[in-house]
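Letters A, B, C and D mark the chains as written, and numbering starts fresh at 1 in each.
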Amino acid sequence: MIDALFGSGLSRAVDGVFADAIRAMNDTDCIRVAVDIPSGLRADEPSSGQIVKADHTISFQTPKLAFLFPSHHKFVGEWHVLDIGLDKDFIRKQDVSHFVLTSRDIRKRLKTRSTYDHKGNYGHVLLVSGSYGKTGATVLSARAALRSGVGLLTVCVPSCGYVVLQSSVPEAMVLADPNERVISSIPELEKYSAIGVGPGLGQSGETVKALQSLLEQSKKPLVIDADGLNIIAEHRNLMHLVPAGSILTPHPKEFERIVGRWSNDFERLDKQIDLARQLNSVIVLKGAFTSIAAPDGGVYFNPTGNPGMATGGTGDVLTGILTGLMGQGYNCQEAAIVGVYLHGLAGDLAASDLGFESLIASDIIAYLPAAFQKIRNSGKKNQRHF
Amino acid sequence: MIDALFGSGLSRAVDGVFADAIRAMNDTDCIRVAVDIPSGLRADEPSSGQIVKADHTISFQTPKLAFLFPSHHKFVGEWHVLDIGLDKDFIRKQDVSHFVLTSRDIRKRLKTRSTYDHKGNYGHVLLVSGSYGKTGATVLSARAALRSGVGLLTVCVPSCGYVVLQSSVPEAMVLADPNERVISSIPELEKYSAIGVGPGLGQSGETVKALQSLLEQSKKPLVIDADGLNIIAEHRNLMHLVPAGSILTPHPKEFERIVGRWSNDFERLDKQIDLARQLNSVIVLKGAFTSIAAPDGGVYFNPTGNPGMATGGTGDVLTGILTGLMGQGYNCQEAAIVGVYLHGLAGDLAASDLGFESLIASDIIAYLPAAFQKIRNSGKKNQRHF
Amino acid sequence: MIDALFGSGLSRAVDGVFADAIRAMNDTDCIRVAVDIPSGLRADEPSSGQIVKADHTISFQTPKLAFLFPSHHKFVGEWHVLDIGLDKDFIRKQDVSHFVLTSRDIRKRLKTRSTYDHKGNYGHVLLVSGSYGKTGATVLSARAALRSGVGLLTVCVPSCGYVVLQSSVPEAMVLADPNERVISSIPELEKYSAIGVGPGLGQSGETVKALQSLLEQSKKPLVIDADGLNIIAEHRNLMHLVPAGSILTPHPKEFERIVGRWSNDFERLDKQIDLARQLNSVIVLKGAFTSIAAPDGGVYFNPTGNPGMATGGTGDVLTGILTGLMGQGYNCQEAAIVGVYLHGLAGDLAASDLGFESLIASDIIAYLPAAFQKIRNSGKKNQRHF
Amino acid sequence: MIDALFGSGLSRAVDGVFADAIRAMNDTDCIRVAVDIPSGLRADEPSSGQIVKADHTISFQTPKLAFLFPSHHKFVGEWHVLDIGLDKDFIRKQDVSHFVLTSRDIRKRLKTRSTYDHKGNYGHVLLVSGSYGKTGATVLSARAALRSGVGLLTVCVPSCGYVVLQSSVPEAMVLADPNERVISSIPELEKYSAIGVGPGLGQSGETVKALQSLLEQSKKPLVIDADGLNIIAEHRNLMHLVPAGSILTPHPKEFERIVGRWSNDFERLDKQIDLARQLNSVIVLKGAFTSIAAPDGGVYFNPTGNPGMATGGTGDVLTGILTGLMGQGYNCQEAAIVGVYLHGLAGDLAASDLGFESLIASDIIAYLPAAFQKIRNSGKKNQRHF
């Protein structure tokens, strides 16, 4: 975890002649390069006043926290980090709680497999997903869970998804809900080592009740995504039922439905940390530099991924990966760190072959094996993947 | 847009001894090569009288307009253009409105993606497509839209297509029409950034009404293809409802149903330009050297594509691509230029691996990533793909 | 067509001391190699008496007819042909009617495609196929027809095959028979350029009537396979309805049901030739060295193919290929020659990658593009593929 | 079969000062390497007392039996065998009944195919499999049977699997059980050359009766797996109906249901050998180093396979392979030896490309062609694959 994030930066807004200078610079047609940090931008707090709008920012040793927020993109542009030989032990000892993940962080968390392991060692996962017209989400989650290493997979879908799932994912067992169009009930949960819920669920009354029943019965942590989150945001009484040790994976709009508005990205981060503490769970806020807030206050920013992944179904794939990892015995923090990084890395490998436009969610599943292999091989060659 | 089309050519029909000479030449068994233009053929107007039937035509700097028409193939044969160093600035300044597309034209129109883009940046597209026995067309359009870079895709099919779509295209959401066999109604349209309509629709009474309703409600431009066009040709009162900024993609027979017969390809081109002006939309007339007529009178001929693409479903793929591009914010002219070229280029890359006979529509989708990559890479190496 | 088949051979059975010698040779444990032809075997007529059982036979210039019959395999073993420089013009001028196909024969028959060709140029094919539990045959035929270059494909299946076909072959249009389980009726046939009938049909009463109706209405030649043939064998009154210029593709058991038993492979060949003359159609008798009997008495033996193709569905693939070729304007004799050779070559290319055991019918379709390419490229390099 | 297993080892438990020494060694943090066999472990009998917990064991010429048991993994660690030049003829002549398979054992058992073979030569196999929610198992078994070289395949599934099977495995014919959700009846069995039963069956009353009927009617040996085994374990009266020459493929839990508990792996092996003798059938006990017990008392340990294969559906794939091989005329012992080895080798080839986590059951089918090819090619190059 060598990429701790810390930085000095200015303590107040730029004004006066300096502000005029920045304004003038921003008005030119030139390519602007900032060194360390764009003038006027604060590394660890909200900024105000004039700020240089750099096309490129060259920083040292570690990126600044501010670089990782969408709202700063117009100031920071594309950023680059140079290793200037600062003492790494010193960095490691700093009392920081914000980190950028590296492939080494993933590699050392990956479980190894033993010759005599059997299906039981890798868990039996349940996915609760789908509604009429949205069972494709279930297919994507299921395939991703399987490619993440789970031992057994059972999928709970409305009856309308029965043929779809059995045709598309022969490795999965299917529990068809008696309801044709929506999830209306929850099976016995005891035998499952992890449960993922949310993709394509919809928010019908039956499904709200089913989710409540799932939250009440589950003694194991959950991965909750998409409409699972939207239902909880609408029915706040469900919030306290979320089992400790779960993973919630909102995108910014879903997050806003849960925690309300924020005035800037620092506040958004605080809300994320607060929610993680409150639920004693991991909150994965999806986007560029997805942030993973752990219950202990630690935040992990993910450097993998690309705008080609901004396409329908990639979130369902992440849910499958995270549930698959939880099922194999990764705890919520490990699963989120490993899963989010792998998901983005698979997307990067796919984009490198297919380009941004043509990348679809299924490609991320198809490149998941290569992502696992790349992490493992990076260890062998002692290469560092950022 | 360096390949402006212009040419001098003869001003009158060949007759007398010259006609006899041409007749004699055409009767020989030799391979005939024309230089500049086959004698007797007029570059910019319909020809009459005797015309040399060349096997090959070698022309200079830019092809002549006449080379791009099917009816002239027997005179022009295979044509080749030599760069003889004519001043390109001079060419560019000519007041011409006919162009042959190059890969550079596509590359400079391709939108770039930014780190912080999310699904919303790439639009939510609706495809209205399919009828009993023709939902395969919907599958092809949907897959093509996804591989073209759209953020979210919803597909509206008759109920008979429900399992087909959910099994075949898990990334798409499905709105199943209450009617089992045909599209009979149109969903709320507000959230969609672009709409494609036509592939596999059939022309049932219910569907005619549904299309009328779609045309009346849509505030956004459409991509209209196949039976969407046939219905409009049959129900002329729908014509004026086509939203400005749409793309219509007829093949010659569908075009004839809309505009009536033409006596020669120049007249056909005029009718195409007129229709584009009248509807304030782009008319894509499909075939070899597909012509794209813009509302401003400009016509763009597409050099990519091959006879292996003369197989069922390739038009459905084009509809998906165009709708996907419109959904991402390309206007109708940009989408038509970029989409038609990419569609043909993907077909060319597929044919190079698979041959003409074995090429099927799905292959064009499979080679779409390579087509995007080829365009982008041609920029890096500064190569020109014709 | 350089591999005309002719040979001298013995005119009578071996007996006496020669027979004893052969018997003794056959009793040894050695590897036996025959030169020209195994002693005792007659090249062009049924043999009797003692015959050497060779492991290998090395023959000159052209194989003997007798080498191509299953019942002689135990005598001929693996056979090899050496070019000893016999005058090829002389060979070509012999009045022979038995030929072994070469890739050159296929290459020169392959139609070329022209820039301005459209879907209509490559025909609209109808496949009539399938019954409850056997619609997989329809899927295989349909995919093979598409990969053979057809312009448009419509598939007529019982309703139980509707979702199967639309999900598996999106490029095909589907006409679902009102009967859930079997084909019971025939659509309007006028628009189709070729029709294939038989794979997976079953032999229900409804289907017998439907086939009769098809035979009565069709003005175009058919490709008839599998249960299409079995029905005709059972209902001899249908035989005279087979349109001239059709292709029948029996395997030996189906052939026997039509023409009765044979006492040796020469008689079998005579029966095949007679049937071709009688129906004025091509009879393709499937097996190793598939024989293609034309109405003019010519017989073409196919050297491609391998025992890995002895697996369910490969016949359905051949039906699709032949129908696809007929639809593009190949006549029955051309289609049979080109299609049978390509089918076997695709199987050979597949087996070379996958081995005999693992080869399945779908692989032949997947390697069809490579087979077309190999034929075309063999021309470019002037290589001869036997 | 050169890797006969035999060894001397200690004849009594370690105690006293030696036990203290071992305890001390096991308490250190060092990597422990055992030579020949970890001290305290007995090669051919249950061990007691202190045993060295080696990380690696280096043994000579052949592995010891004890190395192949899961319960000894913590003592043996990763084991390696060095060829020290012991006389192989001597080894071969020992009266041992435990063997580790080598690729040579497989290669020499693989049947070769002859030019004139047809579908009939490779058998017609029946799979009886599937229940509501578990028809994916049927898909996997069916695909595996086809890729193993069977001539024809018929699959018997509950009606709910009809569309699933026809869409997923077009090469298979489907017999849909009249019951929607479970197998309730058995078709005529005469035409099938081998029958596989079990994957995904469930254990409903109807299916118990159907299995009983199958066992009573079948004159041919069966492959029995999964719920087929569980039903027999529950209904002991069915046990004696298992036809001689069958293959049973339990995993340890299924095996325990049949034979009861064991106190150590040697006893487990004895129970396996006993059951094989009692049923006059092959018992394949699945796991790392899958053991194959033949009716003659011979036991074959399989060295291929890896923990990536501990994922849902790999057992169904094995059932398909074994049934496919039986259908082609391999007897139960040959089929088990060849099939288990190929299954594991395909998994190893898949894992080498995809890694352990991402490997799913379908991958084993996809790599089956490569496994066959690797066995065959190992012969050509005279390489030995362990």
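Everything that follows uses one rule, which is that a residue touches a chain if its C-beta (ideal position, glycine included) is under 8 Å from a C-beta of that chain, and two chains touch if they have at least 3 such contacts.
Bear in mind that the values here come from a model prediction, so they are computed numbers and not experimental data.
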item: Graph separation of chain A and chain C (steps between touching chains); value: 2
item: Proportion of interface numbers common to chain A and chain B (over half same, under half different); value: different
item: Rotation angle superposing chain C onto its copy chain D by C-alpha atoms, nearest 5 degrees; value: 90
item: Approximate Å spacing (C-alpha centroids) for the pair chain B, chain C; value: 40
item: Multi-partner residues of chain B (each touching 2 or more other chains); value: 163, 167
item: In contact (per the touch rule at the top): chain pairs; value: A-B, A-D, B-C, C-D
item: Chain C partner contacts - residues on chain B that touch it in the complex; value: 70, 73, 78, 132-137, 139-140, 160-161, 163-164, 167-168, 251-252, 287-288, 306-308, 310-313, 353-362
item: Partner chain D, residues of chain A touching it in the complex; value: 113-119, 121-122, 146-153, 162-163, 166-167, 169-176, 368-369, 372-373, 376
